[in-house]
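These notes concern the structure reproduced below.
All chains are identified by letter, namely A, B, C and D, in their written order; residue positions are counted from 1 within each chain.
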Amino acid sequence: MKKRSALFHINRKNVLLILGLTLSALILLITIFSPLLETHNPTKMNLPNKLKAPSSENYFGTDALGRDVYSRILEGSRVSLGTAFVVVIFSAILGTAIGLFSGFIGGRTDMVCMRIVDIFLAFPTIVFVLAMTTFLPTNQLSLILAICCINWVRYARIARGEAVIIRNVEYIEAATAIGNSKTGILFRYFLPNTVSKILIMMSMDIGSIILYCASLSFLGLGTQPPSPAWGTMINEGRDYIRNAPWISIAPGIAVAVTALSFNMIGDGLRDALDPRMRESIQTE
Amino acid sequence: MLLELRNVTKTYWSGVMRNKAFHAVKDVNLEIGEREIFGIIGESGSGKTTTCKIIMGLLKPTSGAVLYQGEDITKLGKAKWHELRKSIQMIFQHPQMTFNPRSTVYSACAEPIRIYKLAKDADEEREMVLGILDRVGVSRDQLEKYPHEISGGQAQRLSIARTLLLKPSLLICDEPTSMLDISVQAQILSLLKEIHGKENLTLLYISHNLDVVAAICDRIAVMKDGEIVEMGNTDEVFSSPKHDYTKRLLSARI
Amino acid sequence: MEPVLRIDDLCVGFHVRDRVVNIINHVSLHIGENEVLGLIGETGCGKSVTGSAVLRLLPDNAVVAGQIDYRGKALLPMSEHEFNRLRGAKIVSVPQSPSTSLNPMMTVGMQVEECLTRRPDYSKKAQQVPVRERVQQIFERLRLNERGKIFRKYPCELSGGMCQRVLISMGAITNADLIVVDEPTKAVDWILRAGVVDVLRKMKEDYRCAMMMITHDIGVARALSNRIAVMYAGEIVETGTAGQVLDHPQHPYTADLISALPENGFHVTEGFMPSFEEMPAACRYQDRCAHCVEACRSGKPEMHETEPGHFVYCHRCRGE
Amino acid sequence: MLKYIVKRLLVMLLVLWAVSTMTYFMVHVTPGDAATAIVFNLTGGTNMDEELIERINKRFDLDKPVYVQYFNWLLGVFRMDFGISYRYNMPVMDMIKARLPNTARLGLTAVFLSALIGIPLGVLSALRQNRLLDHTSRVATLFIGSVPGFLSGLVLIIIFSLKLKWFPTSGMKTAGSIVLPAVTLALGMVATTTRMMRTGMLDVLRQDFMVVAKAKGIRRSSMLVSHAFRNALPSIVTVIGLQIGHILGGSVLVETIFAWPGLGSLLNDAVSNRDTPMLEGCVILITFGYTAINLLVDVVYAWLDPRVKYTEG
């Protein structure tokens, strides 16, 4: 019997999802094997051949200190993707747990949790992270911590919304009637029915975290020079934009392509999991 | 006497200072004997579903007692209720909505076995599930399907099968056939009648459809706005209704 | 005299993935002047699709063949613009589920008034009675009390029963020739069901219009219809006057359906309707029919007239 | 309806108090003494004499216990007075008052631009679902949505100010200088606007009452306007509400690239200079603005949707 799970209904027409999956798989592979693919030592300065245009020797040219942009992008990919995955996974787990729990319990605890969520939601992400990093040492870890503190809230809100809907559906009463314990219902009924929405959000979120991370390192937070981060590389290239645009454009494209591939997965997943998208015979 | 309801009341408070009271169920008294099919007639909002939920322990009554085999079950703790669940079971109005959309027909049916550990291993569990599903007439090719992929009739049979696994002595049916077609309704009603006969089961049948209640119930109670306005043997109530609401119901028969 | 509606050999199929699944299979029926035809059938037999085919409301992946005539004029070849002059004026629909068929953002009165005022061929001058007045009259006649106030209320403020009556008043206000009513009593309470039947009966008498009553509720069909057509698995299996079909049904399916009613002792017919993807060739009721003979499994039955006006689609009833 | 607004106002006040407290303690847990940081900033670390630090402590009353400082500060917040900026030695509020209109102007132009493109594009691609326009718009917005704001800013600078010399690269001197920052900010939002408009419109078009409207044979124009669009209106309001959140966040970035003298770049400077009062002022202004706008969006949403107006109210 072919295991046909209602969670994933990937048919060949879902181009976006397949394209997104292949692209992001490719990027993940490049990130993992980036040390092998690097042609130069990303942090070694080589002043004589600074600001060289992209050539066979340096695929994406060199920056103001003569370092090879191509190798630095590879190095930077580990930081950027690593941060995105850590942040997304952490905030998805924390947010969904709190959201589901507060939606499931309801009453006063739900009200309190939602007010806390409202407080965090009052801060635009970048503003909150900027405020947070003032008292933290400026390195990648504090950047991750700061984004995690604000990002779990979006998951909490979605998970709580789903939990409130599920709580009123008949099968929860039937589940209690058949003898399920409260925790049994939370894990066997609430969680599986929210997971598809959370998955869609996670894939979209990876894209936006990569963008936030790049923006924040552009503003000088996160990993400090000389170790490369895509955002700082773009910032460093700003003064040479006129005659050496590749210093900023190359990492910029790297950010864009990575974010694009995960956004594609998100869009494709939404089509795959949206029940209305599936064809059905309208007899009635 | 299997089940007794004594002055059961359920009141919901609303309004800013919690002063506006709404009595979903007002001072209901009811006795249901062993192996009886007792019917409750009432329109939506008459409190019949609230009464079911109170008996099932899904809702706590504001006041009054629910005696099951002489013991007041509204005061029981969680552990006692876990045991009691096996003997009081319920089937619902929307069959497809009674099951977790993420689990297959097989795992939905196996759920009570897993919760109460009725089977030692997977093979025995599969045997029990296949046996009970044959008993209620759910065909084998439905096992791996999801609730939204099977028909209303099949889903209601699955719901009945699931309750039978726990060998209940009281089965509450909350309008099980109102969403079904006439031929499917006939199949479900005859299945209920058959298991009532064979499994010495007491049925509490809730419906707003007089024809169905007349066809299947021995004794009935008529509920309006949370109160029982009339009670008695089905033929008596139908032939000589006393309360004018019952008269109105009977005259509304097309 | 041309009947108000004549459907000849109608076939409707839907493009699903890469093939066409046929739902309606050679359906023919007619509705005369000021006559109510009850179209009875269970969920999934295609009765609503027939209704939608008449109103041309089928989704884009539908394939329609055959002929639908309104007073002699063929409807299918008409252009959308041309057909729109009839739809909503002469041919009107009272849809199913009142909770989702009303626009939540628009007042109830406006949605009824719109049936007249927002049509391309509407002219203010030509109205003898101002439209707002007519809407109030309709609301009053359908006992949507609180006369004045109901007009400005939103659907979310009304009960299911009141929304149902608003839908019916949308059909009534246009003085249409043919009204297609779809499942007026689906999942409706007992007393309310009687109320809906009264309202429809009053509408039938007041407006002298023809009606196609689509329902799975035999009681409603008996109370309102002059003639009844019974549908099973996309085919009409029996047609005749209400008395003929309900009191002495000829087709085995109709007989089983009536004996399955609770008041007739809910006699059980085993099995269930085959799905449209794997439909048996010859007679579609063969697997569940108690009187099934060899002929039923081999050849397609024809419509036989067992008594004047009473047609049965079955081998056994060759009118002996 | 009024009850709904009052309830939301009370919640908002609570949120604002909590937000300001959180900002205060977040920012005030600065390692090392604040006074030394100021002196270091002013003198560039040359002569760190004790007497100067002592005077600064007295002047900004940094020597009092924490809760007293917090309490005075909170009173200040009510009077919208955030004290004196360490860096510019001017009242924080005056700086903010000067910069706020610039951010507002930039933000509103960006919202206008993204609404102008996003809403019609979303509606059209919903009406022509799965046809050419729908697919192209989805892929295009997906691409634009994935490009980081500062990259698109830089690219626009290269093309329009360096190569074509149409617009200045930065600052606010000429009228044209608002175009590039506004477009950059708007680009970031077009993706979400179009996507949310499209889903909102699709949900409406799928409803039963659209089929009923078709069955009434009413004019296509009134079907689109009074049925489809009227039901999609609340989702437009939510989309615009979301965008404003995006502006307040995004402006920090765009204003830094284009040296646009707005609240965003002020906040960025405050962070790099560790100018605590300025930082607090900016953060609180932004969050208050954001919460107020969210409340406004919710109220307009409730007013537009009778289901919320009559049940919640």
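Observations, loosely collected:
In this section, a residue touches a chain if its C-beta (ideal position, glycine included) is under 8 Å from a C-beta of that chain, and two chains touch if they have at least 3 such contacts.
Predicted model, so just to flag it, every value in this text is computed and none were measured.
The set of chains touching chain A and also touching chain C is given as B, D. Relative to the whole-protein C-alpha centroid, the nearest chain centroid is that of A. Inter-chain centre distance (chain B to chain C, centres taken as mean C-alpha positions): 34 Å.
One inter-chain figure worth recording: chain B and chain D are separated by 54 Å, centre to centre, where each centre is the mean of the chain's CA atoms.
Work out the mean CA point of chain A and of chain B, and you get 47 Å between them. Once the centre of each chain is set as its mean CA position, chain C and chain D turn out to be 54 Å apart. Multi-chain contact residues of chain C, defined as those touching 2 or more other chains: 43. Shown for chain A are the residues in touch with two or more other chains, of which there are none. Considering their complex, residues 55, 57, 84-89, 92-93, 95-97, 100-106, 114-115, 118-120, 154, 156-157, 167, 170 of chain C touch chain D.
Residues of chain A touching chain B in their complex: 1, 3-4, 6-7, 169-171, 173-181, 184, 188-189, 192-193. On the chain D side of its complex with chain C, the touching residues are 207-209, 211-219, 222, 226-227, 230-231, 233, 304-307, 310-311. Those residues of chain D lying in contact with chain A across their complex are 11, 14-16, 18-19, 22-23, 26-27, 29-31, 138, 142-143, 145-151, 154-155, 157-158, 162, 206, 245-246, 248-250, 252-253, 256-257, 267-268, 271-272, 274, 276, 279, 283, 286-287, 290-291, 294. If you check the complex, the residues on chain A that touch chain D are 115, 118-119, 121-127, 130-135, 207, 211, 214-215, 218-220, 231, 234-235, 238, 241-242, 245, 248-249, 252-253, 255-257, 259-260, 263-264, 267, 276.
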